[in-house]
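Below you'll find a set of structures to go through.
One chain, subunit A, appears in both complexes that follow, with subunit B as partner in the first and subunit C in the second.
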Partner chain A sequence: MIGRAVANEFAKMRRLRVVPVVVAMVAGVVALSCFAFTTPGFLDSVGDPSGQPWQWLLGSMSLAVPLTSPILLAVLASRQVDIEHQANGWLFSQTSGLPPGYVCRVKFVATGAVVVAATLAQSGLVFALGTLVGITVAFPAGQWLGYTASIVVVNLVLFALHLLLSARIGNQLVGLGVGVLGVFVALTSTGMPTWLARCFPPWGYYALAMPVDAREGGMVWLAPAHLSVLALGVAGGVLFMLITRLFDRQEA
Partner chain B sequence: MGSVRAEFLKLKRSLSWAVVVLLPLMAVITGAANTVVSGGRLEDGWHTLWLRVVIFYGLFPLAIGVAALASLVWRVEHHGGNWNALMGRHVSSLHVVIGKVAVLAVLAAAMQTVLVVGVVVVGKLVFALPGVLPAPYFLVSVVIVLACLPVAALQSGLSMLMRSFAAPVAVALLGAIGGVVLLMTRLEVLAVVVPYGLLGRATQLGTGMFVDSGTVTTGAVAAVVVAALSLTAVVVAGTAAILDRLDIR
Partner chain C sequence: MVGHGGPVAEMITTHDLGKTYGGRAVVEGLDLRVPKGCVYGFLGPNGSGKSTTMKMLLSLVRPTTGEIRIMGRPMRRSTRRELLGHIGSLIESPPAYGHLTGRENMRLVQRLLELNDDQVVRAVHTVRLHDHLDKRVRDYSLGMKQRLGIAMALAREPRLLILDEPTNGLDPAGIDEIRRLLKQLADGGITVMVSSHLLDEIDRTATVLGILGNGRMLFQGTRDQLLARSTPDVLIDTPEPQRAAALTAQWHPTRVDGEAVRLSGLDHKGTAGVVSRLVRDGIDIYGVRRDAQSLEDVFMDLTGGRGL
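After this line comes the complex of A and B, so read on.
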């Protein structure tokens, strides 16, 4: 049954214009990340390891992601859930044997897959554009892939949070407002010590996943807290299941 | 005037106050928190505090806040049979559109007031800065409110056309990113004819960031004000013309 329900969610996405929102998310991150190309001297140092071109790109991307993702994930969740509020979809689904919590889980599987694809696409596109402008310095695959994996986890947890918020509170201003405030928290967390950033899940975890930072002498590698991000993913998953089970027991 | 009063009545039970109060306060709190957490000092007093609060706020959150308010203002028209009631109105389309933009202008002014009060309170209580916020920043605040008008008019038009609450906000984010790219690449002329770029430019007045010279000049202020008023007039006229051609659902 879940297969048909997921297929149904994909069908809803066609009319909800999810593709333009996802394209905006990818294009926003790629545009802000590739702004590094316009900084003086960048294109001259694409073959020079001391110019740290990949580090600059990764650093730009780790600022672009928390700038755009919280709002666009809130928009995605809101779009996917608002139709159920507007057209009494919760009640319709329940009478078809799909309680509200189950619908939320199905929405998470379907739209979550799109979020994962978009996150992988933005990381891949930044790498591709870096290669296209001629960066010949050794590619830091470990750090790049580690960051991408961490961002996938944080994005999914944030998306799950917004899905629950949008499902629980009919006024979509609340979900979007939380998304905008999340951008402030995510960016402020980048300047916080690790222990403090951990206190602001899930937005603070964008900062914990950062693999590089700009210092006076150039870009320096950081030790991203991948384990903390993993713990966030597990805790987020458990909480999402528990809360959606609660939704199942309530009347639509 | 009746249209404007009606729009305010519709807002009475909405959550618009949350955007008006929380968004600028969040900008002030994060600007101050960044300074405290990094252990940094406000080297140039009020100027540094203003810069830390308003630059990022003007690049993304302000446009998105205005977009959310525009969605909120039009939300009521898309509910139940309200759209058909709107189509059977006695006032002209222009009056309806101006009423919506007027409400958004007042809300934008309220947001800017909260921001300025927040900066003054944080400057005095947290950083013990001498005196008060310098006068040019009050002028800049008025210019920022005026620069909000084209964004408000454009977002109002988008929210009129889109029934979804969130979709126009996504457009605003994309527009804000476009505005940031224009300002970062120093294409000032292009930036001031794009509503989102103009808003970003207005918030940078006197800061010395991106395309700004660092001082509030008459020329820069006049350019932003003229562009803001012209863009608003064009977008309001366009939105009214579109509304004229819309029909019942």
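After this line comes the complex of A and C, so read on.
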């Protein structure tokens, strides 16, 4: 049943402008990250380890992701759920044996796969463009992949939150408003101490995943709180399951 | 398998079915009997509990009291999915995604319920929507949306079809089309339960009527049984209606109606008694007859004049 329901979710995405939203999400991060190419001297130091070209790219990406993801994930979730509100889809699914919480879980699987693909594409494209402009210094694979994995988790938790919000509150402006507020919180968190950023899940966790930061004299490696991000993922997953189970018991 | 334990004459039965919201009973002590293969017209004013009852039948709302049996089997959480496989429904507004075409919507149903192409084609042909399948649903008229909703419900080839006010918002032509469709479905052996707050929409289609008022069943049976339930007024034509009315008012509820006196709730014996008394008092009587009573009058009587 779940396979057929997931296939239906992909079919429902047709004409929902999911592709433009995902393209904006990927292109936005890639463009903002690669803005580093235009800084004076960057292209001259692509072969110089002291120029820290990969660190600069990773640092730019760490700001680009919280700047674009919260609002675009809100848009993505809202579009997936609003069609159910508009089309009396919840009731139809229920009379076909799929309770509302199940529909939310299926949407999470289908659109979540798109979110994961988009996040990997962001990271991969920034790396590819870095290679293309001729960065020859050693690639910090561990930090890069660690950051990519962390933002996959944070993006999925945030997407799940917006799915629930859009499903619970029919007025989609609420979810989008939270998305805009999320951008503010996520960006502000990058300047907060770790303990404080941890108080604003999931938006503050973009800051916890940051592997590099600009300090006087250049970029310095940070110790990203991968365990905290993992804990966020587990807690988010458990909460999502619990809340969607509650949706299942809800009366029409 | 459905319907264990031998043949069952009723498609739906409920016993003491009730639903309470915050201490307010919306449906109370409902004993539904929906025979197999009929069109069951479920009538009642707005807010009488029709939609809540239908939602309980589909297990979308949990009953506070009582039990539901569909095709002889209790409708519970554990049996819900299996039973729903035999029930098509259209509750509230028609369920269709506006950004998709009719064909794409039908394909969603087909995939979800693992239906074959023939089942989908048959459902679409039944509602005569085959020429509009490639149009986006947001460009459909309300009638087309209703027909698509019915096609989505029919595609699983249900044994029971539950339709909540399917003619709401339709023009007379659309209403007539749905009416003919319901008849055609019942002729094909499907039990149809259809609700409405408008008597005229159901009167000509339904073979069995259930009338709900304030969450309680006021009547359940055939049209003829319903008409027989009510005693029409007696009209006595006389040249002295005022004098006759003054006299009969002492024994029965009476009012003057033009050149006649109208008496309510009189049986044959009572009528004879009134006539002989009037004659004894020297009042000429030109004629005595029972008023022709429409089904609507009976409904109005039952529901206290609310809405039907």
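Everything that follows uses one rule, which is that the second predicted complex is superposed on the first by the 251 of 252 C-alpha atoms of A that agree within 3 Å, B and C clash if a C-alpha of one lies under 4 Å from a C-alpha of the other, contacts with A are read in each partner's own complex, and residues count from 1 in each chain.
As a convention for this text, contacts are C-beta pairs under 8 Å (C-beta built on N, C-alpha and C of every residue); 3 or more make two chains touch, one makes a residue touch a chain.
Computed from a predicted model, the values in this text were never measured in an experiment.
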Partner chain(s) touched by A:V174 [first = subunit B, second = subunit C, both, neither]: first
Partner chain(s) touched by A:L196 [first = subunit B, second = subunit C, both, neither]: first
First (subunit B), second (subunit C), both or neither touched by A:I2: neither
Partner chain in contact with A:A117 - subunit B first, subunit C second, else both or neither: neither
Touch count on subunit A, higher of subunit B and subunit C: B
Which of subunit B and subunit C A:V234 touches, first, second, both or neither: neither
Which of subunit B and subunit C A:Q94 touches, first, second, both or neither: second
Partner chain in contact with A:K12 - subunit B first, subunit C second, else both or neither: second
Contact residues of subunit A, present in both the subunit B and the subunit C interface: 16
Contact set on subunit B toward subunit A in their complex: 14-15, 18-19, 22-23, 26-27, 29-30, 33-34, 37-38, 56, 60-61, 64-65, 68, 71-72, 164-167, 169-170, 173-174, 177, 180-181, 184-185
Complex contacts: residues of subunit C adjacent to subunit A: 55, 58, 60-62, 80-81, 84-85, 87, 89, 91-100, 104, 107-109, 111-114, 152
Residues on subunit A engaged by subunit B in the complex (per definition of touch): 16-17, 20-21, 24, 27-28, 31-32, 35, 38, 67-68, 71-72, 74-75, 78-79, 82, 171-177, 180-181, 183-185, 187-188, 191-193, 196
Residues on subunit A engaged by subunit C in the complex (per definition of touch): 4-5, 7-8, 11-12, 14-16, 83, 86-89, 91-92, 94-98, 251-252
